Each structure stands twice: as structure tokens, then as C-alpha cells.
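Consider the two complexes below, in which subunit A is the common component and subunit B and subunit C are the respective partners.
Here is the complex of A and B:
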């Protein structure tokens, strides 16, 4: 059967369960032919590979972080350092960075993973798109998603827009607060690393300039031996925080 | 004596016995230095894996002393075969430089342990 010359009948009528079953196999249904008896599928494996997101580096420096996830031990020194450096109030739910925990009881060997998270400094930040007062914006030189707290009206639309739960309302500032890669508290003073990366004893958080080919983050992202991924790629925000293992 | 009281009595006895056993085996040790939230479970090592006391005491760990007070109680020492590294070398047990989060239960795991394994309250 000549598939190339058959009309694609469209995937609109493929049942959700069937799509899911294929997604579980790492395949996405891209077409349906011959009255639904033939499906064309494409691999979704590596779709989230960093190079897709990192083809162009519009900023100089293009700040980025790579998490070597399997090394995280939840000692929370990063969180302590962040709180101290950036004056994050000691209130439940207030954080610029935190650590998630994922257990896989059926796994062979290690069963627990810790996943450090922070603002992904997205190239297409939803928070910026939805902010009604332009209080949050993408810095034109280094790509950090910044807050202009004078403009923030506390409507929390940005929180709704953020796929990464990276924003909280700071009662002291009367504005939304978020990670800014320590641009004001450390980088502006000549420090080369964020507080969290500097505090990490396990070398989990690698901070650097993705536009510099000599930089460690560039080298970690631009290789194919170890898989690199981003969180929630389906949100389409093109994050600048990458994850890897091994 | 009814059957029910007999069962209750037996269950109570078993509970006390297991509690006593856990106590004699040293229970869970949670290290906080040099990093927070590292667990050693006597239960897993003695009861489940069947190690005898003299395999670690007092050659690797002095009984009654806290290993974390020693300056060389760091991962590098383990890689050289000291402390946990005597067995956790990839041959006898999983290597010290793998499966980090198995022993490093973290601040979250430590909190869970001290809450008596109670389920954390789920936030929104």
C-alpha cells in the first residue's frame, strides 16, 4: 500500500485512550489512514532534548542552570542559602527555590529522587505575557525574568501563568517575588555563581552562560551521551533550566 | 481466658518483643553532619540483611559513639573503604557513589521520621 499517496484522515477522531497508549510507548500519533486501520506514529523520545530549546542564544550572557538531578540529597543548603541571600520570608509556601521529592517504590535499586526547582527563566515566559502591568519582564541583556515590584499590583495572574510554581506573594514587599539568579544580590557584586549553586555540596546545580562555548553549562547541554531534559516541555515556554543524570 | 484476650495478649507480647529488639539493635540513626538527613537503619541491616553486630562494631563504628563527630566522616572516606564504604563498595553492597537518595533521605525524610512516619499534610 502506498502510504505516501493516501489521504491523511486526520487524528481528531483518535480516541484519547489510544493516544495515551501510544504516548506511553514513546510514540505520538501523527496521522490516520485507510479508515483508521493504519496509523502513522512518530517517536517522542528526546523531543525535549536541550538542543531544540537552545538553538539560539539571544542574550549575552545567557544565564542558565543545569541540575545534575541524581546527585541531589535534599540537604537543603541551597534553600537556606537562598533564603538568607535574598531575604525570603519564613512563611509556608514562600520560596524562590525548593526541592521536590519523587518516590518510585517498585524501582530496582534507588527508589527516591530529589528534584531541585526554581524559576526556569523561560525564553517565552507565560508570566510576562499575562502580567497586566508589565511588572515582570524579561531582561533584554541577560534573559533573566525580573520583577519591578513598584509596578506589581499583586493580582497573582503571573502565578497562574507560571507552569513551574516559581512565584510567591511576598507580604513584606507587597509584591510577587521570584528567583532572579541572584542578579542583584550576588552577580552584580562580581560573584560568578548563584547562592544556591555556591552552597550545594554535591555539585548538583551548575550555573553559567549558555552562550559561551567554554562554559560548563554549555558543555553539559550540548552533548548526546547523557540525556538532557526540561521540566514540563509541553508548556512550550522554552526554559533555561535543564536537567540531567549520571 | 477467652480466645480474644489470649490473642490480644500475644499481640501485645509480640509488640513489646519487637520494640525491645529494635532498641537492642540501635534503631534508626539519623546523621546531621556534615549534611542533614542521612539515615542508617539497624532494622534493615540486622533484621533484613542479617548482619551480625561484630561486622561493624567496633571495627568501623564504635558503639555508643557518634560517627558524625569525626572529621573524616565524609563521602571521600567511604570511597576509600572507611565507615559504610567497607561494605558499600559496589561488590558487597551498592557502591557509596550510587543511589544517593537511598541513605540521604534529606530534610524531608528526616522530618517524616521524627513525625513517626505520619503522612504529611498535603498542601494545596
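Here is the complex of A and C:
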């Protein structure tokens, strides 16, 4: 059919029903795009904890850990590895990482879950703000909250300030001690994993670099299929340890 | 036996007088037999404005006579308080050398114990003494003038007691002396508090020296500077607690404001108690000026008790309304939980309600009632400080997570060592007060101050 030679029918000849159908189709296409945009905004809200902090990664590498909480079986190998690697004294209350136990008696199916905790290497660390002598500080290159042992006066205000109970006074070191993602004991020697993540048989603790989009930690945090959260978000410290299930 | 001690104490007065000699630029004589020629504080009624001269030996004999005139009770009290200080020093040093963890009952979850509460109590008292006494000799309200010297002396004594206690609480105090200076963290309230209290102590020392020299203008300048440093330091101490975002019971602007108000309340109680005791100790009768000063101090005390009752009421209500997480549990622990006894009996009754009633009945004139009220207040306020420090920490940071380890509020009971060191802090205040009364001759203030 030679379309070029056909006479122009003009819009005045298009039936009303046809016009409506065309407009509907246009609106539907627009709606899909608009809805998509809205959906993407909404999905950001859904993973607010992760994306709020994830927008900015001021450090390179930006070390982080994701806990796949439901996989933890409380075997405590992470704790043992930490004690051994970081020479944590064998006294009550001395630990860099531990596993908390939560029971939900009226739950259907499993009634117990384990929550591994350690220093959250916060982006806005309270401990660093309150220390009078800068004995604890945020490492400018990798964001780990570090201790300068010789400057610690033992006032323990950092312990009061920490919303994660991640600090203790080490009588052997004569300073407050805390998790530093094994920066001195493993990462400095070329290891890619912290002692606890390496020791975990259930792949609960995923350690990595949030500033690298190819890193497993980045991928676990930047998805919307599974919920990602942090502990005590109301403390406003912008932690770098995330929790998820599955 | 007392001669070396007395001589040492006299050197302090000696130093004051030497300062004065330098400032007025007068030549003093040096005599081989008696040492430096010295000034002493003019006594009441000396309107010439000129200072009296006396030799070191005369000063020594004056102090000796005052000490000799004291009864056995005085010596017994000096002995007990000195023993407390000695015991505390021994206990503190042992803990420091052999490791605090072996002697103190503080834990990872509750790292601050009774020693922090005692430190807060002593610096609250010191700031209160400074602020209440400054109404007179800094801001010129005549009625408050007579309490100036003893109050400033006691503010020095109490802050020294605070430093004494905190020296054994901080694990490595010597590092503080170094790194507070060479590695300051300006966002840290602890840093500001420590530094400002250092400045405060210096001003209070200078103020006391100038007061004794009757140098009123520099005394006023130092007193004003000391008050400003004291307010800044003390509000920073409040902010040490108030700015911790993970501790809901403390968090907010309430603490720095509350600390200043409660410091003034404590100041009134301590001024009344130590002035009544001081006059009893020296077996002297209060003059009308001093009675008037204590009457107005009582009135200020009544006002401040009402202010703190008001503050406490709203603190409790804000902790209950809407059951805010972390805060609610702490407030309920005070109202009907494990802190209820100490809250209602000590913090509310002994520290506020009973003294309020007694002060009102006394009308600021019945010294016996005022003494009972102030002693009750001081005991209550110490427990108040203990509650403040402990309740805030007793809520575990993971309480809302609902884990088995942190389902309940945590406990802390002070160890024997911690109690001995706390008692030593009180001992040091008592010792300095007792010696101060004799060495500085009842902290007499002339009538014609200006």
C-alpha cells in the first residue's frame, strides 16, 4: 500500500473512541515511568539504614562488615580467633567481639537467634569525640577507629560514649582496647579477611570494602531484596557494620 | 611534735605576706632572729586599712596558741580525717600499682563507679561554694560578704578533694598531665572540664590570697574569673554526661543546666554547715553580720531547693510520658525500681524536702535546725550524685535489642577500696577545714569590706 499517496484523513475524522485509546496508552506509558521513579524512591526508603550511610564513602578502602545474622550458630570460633590473633586477655569482660543471644519463645519455627557484635567503626564515632587526648581516632585512610595506646589516660569516657559496648580497659596494655578489624595483626600483613570473618564456618561475617562496587560487602548492602539494618541507628553514629538475613 | 607542721602552714601565710610586700613595693626588714617581717590580716574593727606587722615567730606562736586552745575533740577529728586520707592514699596507690580491676567493682558495662560520683560531688560542692560566695564579694551584695573567705577556702579544699579522688579513679593520671597539653581534643567535654577546672583552681587560690591580703580589687577580678571558669567547667562536666548520645537518661541539654543549679544548692548547704561548725570549733559567737549572711544563704538555699525539685519533677515526668526507650527504664528504676529507696529517702527527702521544711521553720536564724538541714542535704546530695551516675549507666546499651545478656538493668556495688578512697576525699575536706580554721584564724572578714 502506497501510504505516501493516500489522502490525509485529518484529525477531525479520528473517532472519539480511538482518541481516548491513544491518550490512555500515552498515560499508561507515562504512568509506568513515573511509577517506576516513585518506586525507586520508595525502595530507597525501604533500605534507609544502608543507603543513608552508603551514600558517602569517605575512605578508600572503606572497611565494613555485613553480618548474615540468621546463619550464626554461636560456635564462637570468631571469638576464639579474635582472642588469639589480637592477644585479648583472658579476664571477665575482656573481648573485642562477642555473640549475643536472642530468644523469641512465641515465634513459629526457630525461637533463638544469635547476633554477633563488634566495634561498628562508626562514621561519627562518639568515642572519638569524647576522648580528651585523641587517644582514639578515626584513621584517615581506611576509617577504622584506632587506639593510640600511649595517649590513653583511662578515663573510660569512650566506654560510656560507645552505644555498642565495644570497648574495654586492657590492663596488660594499660589502655582501652577495641576491635580494629585486625588492621595491625592481619590486614597489615596482606591478609584480606579479619580473624573473625576468616574463622567463621557459616560465612556469617562478610568483611570488605564498601567503596568498591565489585566487593561482596557493597553488593550485600546495595540491594533491595533483603532487608539490611544497623544496630542502634538512633544513636546517630553512622555505623559501618550492617546486618541482614539470608 | 606539731612544730614542723605548724611551720609549714605558716610558710603559706608567709608567702601571702611576701606577695603583698612585693605588690605594695614597701621595704621590709630582715632580722636574723625572727626571719622576714610580715603582715597579717587586719582584724575586725581595724579601719585604718593598714596591715599589721608581725614576725614569722609571732605568726608561729599565733597558730600554736590557736592549736593549743583547741580541745581534744579537735585533735581527734584531725587524727581521724588524716587517717582517712592516709588510708585512701594507700588504697589508691595499691590499686594503681596492682591494677584497678583487682580492687574496684566497676565493669565493662558500668565503667564509672562511686569514685566518679564522689568526684562529681566534690566539684559540684566547690563550684557551688564559689558561686554562692561570689554573690557577696564579687557582685557586691553586702549581706553575703562575711562568708567570702571561708567559702573560697572551702571551695579550694573541696576541689582538691575532688582531684584527690579522681586521681585514683583515672587509670593513668600521669598521662593526662602530658597529653591533655600536647594532644588536646577540643570536642571533648572531659578535656574542657579538666582544663577549666585547672584554671578555676588557680583563680580560687589567687582569690584567697588576695582576700587575705585585703586586696579587694584583684580579689574581685580573680573571684569573677574563677566564677566564670567554674560555671564553664561545671557545665562541661554536665555535658560529659549530657552529650553522650547512647545514654538516654543523661542525653540532652538538661544536665549542664541542672549541674549549675544543683551546684548552687549544694553550695548553700555547705556554706551553712561549715560556718556553723567553724564557729563551734573556734568557740566563738557569730556577730550580727555573719548571722545575716547565713540567713540570706538559707533563703537562697530554699529557692534553689525549689528549683531542683522543679527540675527533678519534670525530669521524671519527661522520662515517663510516652515511655521513651532507655530513659523510661531508668526513671522507673528511680521511682519504683532498684534505686527507689535511695531516690525517695535520700534524693527527695534528705536532700530536698526535709531541709526545705527545716530551713523554712528556722527562718534562717535557728542555727541548730539549719545545721541539721544542711548535714541532711549534704548526705542526700551525695546519694543524688551516686544515683545520677549509676542510673544512667545501669541501662544496658543493648536493652532494646532484647537479648538474653542485657534484659535487665545492671548492678554495681562499690568495693571496699572504692569506699575507702571516697571516705578519704571527705577526710581531706575535713582535714583542710579543721586546719584552715586554726591556721587562718576562723577566716575572719573585716566589717568594712569596701
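The definition used in the following text is that the second predicted complex is superposed on the first by the 198 of 246 C-alpha atoms of A that agree within 3 Å, B and C clash if a C-alpha of one lies under 4 Å from a C-alpha of the other, contacts with A are read in each partner's own complex, and residues count from 1 in each chain.
Just so we're on the same page, contacts are C-beta pairs under 8 Å (C-beta built on N, C-alpha and C of every residue); 3 or more make two chains touch, one makes a residue touch a chain.
Since this is a predicted model, take the numbers as computed values, not measurements.
In the overlay built on the shared chain, the residue A:162 is in contact with subunit C alone; subunit B does not reach it. Legend: residue contacts after superposition of the two complexes on their common chain; A:131 is shown touching subunit C, with no touch to subunit B. When the two structures are aligned on the shared chain, A:183 is found in touch with neither subunit B nor subunit C.
Among subunit B and subunit C, the chain that touches a larger number of residues in subunit A is C.
Of the two partner chains placed around the shared chain by superposition, neither subunit B nor subunit C is touched by A:14.
Looking at the shared chain after the overlay, A:115 reaches subunit C, while subunit B stays out of its contact range.
Shared-chain residue A:152: touches subunit C; no touch with subunit B. Applying the stated contact rule after C-alpha superposition, one finds that A:101 touches each of subunit B and subunit C. In the superposed pair of complexes, A:174 makes contact with subunit C only, with no contact to subunit B. By the touch criterion defined above, A:77 reaches subunit B but does not reach subunit C.
In the three-chain superposition model, subunit A touches both subunit B and subunit C at residues 93, 101. Subunit A contributes residues 91, 93-94, 100-103, 115, 117, 126, 129-135, 150-157, 159-165, 167-169, 171, 174-175, 231-232, 234-237 to its touches with subunit C in the complex. Put simply, subunit C touches subunit A in their complex at residues 99-101, 107-109, 111-112, 170-173, 175-176, 179-180, 183-185, 187-191, 194, 240, 243-247, 325, 393, 396-398, 400-406. Residues 70-77, 92-93, 99, 101, 109-114, 201-202 of subunit A are the ones touching subunit B in the complex. Those residues of subunit B whose C-beta lies close enough to touch subunit A in the complex are 34-38, 94, 98-102, 104-109, 123.
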